[in-house]
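Same chain, two partners: chain A is paired with chain B first, then with chain C.
For the complex of A and B:
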């Protein structure tokens, strides 16, 4: 579990261009084994229900704080929590942080299926919409 | 009588190890890091490189080095012939079949400055290392309240009545790392349900576990203090309690209950501290 240092400024500035397209999860595709040409960007975007960019940004911030990531560390929708250094304690705290920030309640079973920032953002959007 | 007991003890210590590395002391240059990584099979590289933070990459590398050096040292398998794979839940296991030890298994853990590994020839083993710390911006109570749904009422009461805030924090971590050690021993992933586990103890010795209210008689637990900031827990138990995906990695041999029972009762000894340089030596053997 990482300790959080005070005074680390977290940058919010993220251009709003469709970076949520690049954050679509390719769970089934192996990087070293692409057998067919990648589909054009717009097609992917309409097929999958991406989370709102705002939500993705907010999740990124919460994660950056919890994991004490260095200034300038790239965190996007496709970032996996474990790759960013989250252990089991961090994951619980991140989910708690998200519940507080968005005023939602995340069930344990849903919490366990969150692997990336995008996963968390999608879940948040769904829960917020259902309120 | 004495000779037999000695022999029995020797035999039963084959494959049983507790190793620890103070990874904060290893400060490799990029070239040294790459050289160490090159000692591992190529497929391990992406698993190390994917970590964003350098400290996490270091811990991931040392964790793997520990696995290969332990297997080589404990079982004599030449490093290039060691096959370590992972279950679906992510638990590493040895693919090489050891006839004498059909359920040989090991578990690694890392947090803070340490990376550790524990192995057992017969019993399931789980290891968890924790760094007793909290975010400076939160109070101890605020911090541990995050985890109330993973603790039973009894455990929670023990924690909050344990004394000062520092003592509460340590107490919390003791319960947490015992739960983690158990879940890791059986090969379960994040979905296990830590609140199903309730630990009982006498001053943190004679530690026992109840799962869903029932006493887990074939499990033993130990807690040890590595240093002022770090604790380690060991869970040992019956291979029957492994989850399916882990059980499948064991050879289909019937294990003698008596041997298992003896193995289970062997008391824990101290961890052996290694340096990364020593591990590198072992693997290059």
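For the complex of A and C:
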């Protein structure tokens, strides 16, 4: 299914490009984090961010280092790894960098559902909290 | 072969030339299910504004939006060229206008052609796969079989050490193989070769990175240049040999322009064991779509490693 975007770089309204398998796991991930019942998937972008800003910032730094981005390139919570030019080798190195920085272990299936910096930060917070 | 009437150009596109709507077909079509054709572009060499506008014109609205949402002009251009390369390549093998293709994703997110019921001139469905590096975009085409392709710069630097990457993602036998290589440059090159082969397999399989985790299958480049792929044995299993996947998957590994490793993988269920496994036939073209096509396989530009 083609993703129709507004064309602007940063927007919570843009749907994630995850395949249907991973969006199921993404929704499942969130249920553990929030006390109130979740909105259905079509409305999930109105839910407040669950990741800590500190975590998001750390992820941004690791991503910037790995991808050697041009001066002034903006990386924020909603930045998508593929839009930043990360290929598969970059992605696994980023995951390894996150594992080392946060002393966690990320399974392949969880890693596959990460599309944005925000997704990574949420997964990290969850894994750190579970330790 | 007469070309169909070109569609009207959008008014106001300054300097646009009237290009034929179909790029020329390759000199020889795909001969069999064991043949793979690869077409690649070098984005850094494509800077002519009117050419780029024409390529952009081939994209669907959502592809255009997608390309424009990439971070920065270089990534936007690469994303656009990737779609233009795909559409023009498919057009060569199907006589369908590059603009006309629709695409979908399988349930794991692998892109596929959405064929229409009136595409009756296609006897066998085309399969494709795309790989990007920052300086080259390649599109592999096969007839009737799933295909995966991965291209990587030979000298690509990793931020993590080779062995730490291998330990995290590869199988024990692959780590052992890499650890034995004393020279760090040679070790890095072997790592990249293994990486592209494993990526090509996972992409051919089409189930995503977690559908075939890298540490569950081993790839071995044998001395007779055959590529062996096998399931890694489970920890509790004493035996050395895992299940062999080699019967069903064919690989080719080549060095491209002395700067890249390119791995291609296709499924092959043909039970063709007459004289042992038949090698995959590989043809490679460098293209500037609508402008120039250069067959590079069979020259020094493409050195088969397998």
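Points to keep in mind about this one:
Throughout what follows, the second predicted complex is superposed on the first by the 82 of 131 C-alpha atoms of A that agree within 3 Å, B and C clash if a C-alpha of one lies under 4 Å from a C-alpha of the other, contacts with A are read in each partner's own complex, and residues count from 1 in each chain.
Throughout what follows, a residue touches a chain if its C-beta (ideal position, glycine included) is under 8 Å from a C-beta of that chain, and two chains touch if they have at least 3 such contacts.
Quick caveat, the model's predicted, so the values are computed rather than measured.
Looking at the superposition, the partner that touches the larger set of chain A residues, chain B or chain C, turns out to be C.
Applying the stated contact rule after C-alpha superposition, one finds that A:128 touches neither chain B nor chain C.
By the touch criterion defined above, A:101 lies against neither chain B nor chain C after alignment on the C-alpha atoms of chain A. Across the two superposed structures, the residue set of chain A contacted by chain B and also by chain C is 1, 3-6, 69-70, 73-74, 79, 83-85, 87-89, 92-93, 96, 108-109, 112. The touching residues of chain B, counted against chain A in their complex, run 50-53, 55-56, 111, 130-131, 133-137, 146-147, 149-150, 176, 180, 190-191, 193. Those residues of chain A that touch chain B in the shared complex are 1, 3-6, 69-70, 73-74, 79-80, 83-85, 87-89, 91-93, 96, 108-109, 112.
Residues 60-63, 65-66, 68-72, 75, 78, 103-105, 107-109, 132-134, 150, 152, 156, 158-160, 164-165, 168-169, 195, 199, 208-210, 213 of chain C touch chain A in their complex. Residue ranges on chain A touching chain C, taken from their complex, read 1-9, 14, 17-22, 65-66, 69-70, 73-74, 79, 83-85, 87-89, 92-93, 96-97, 107-109, 111-112.
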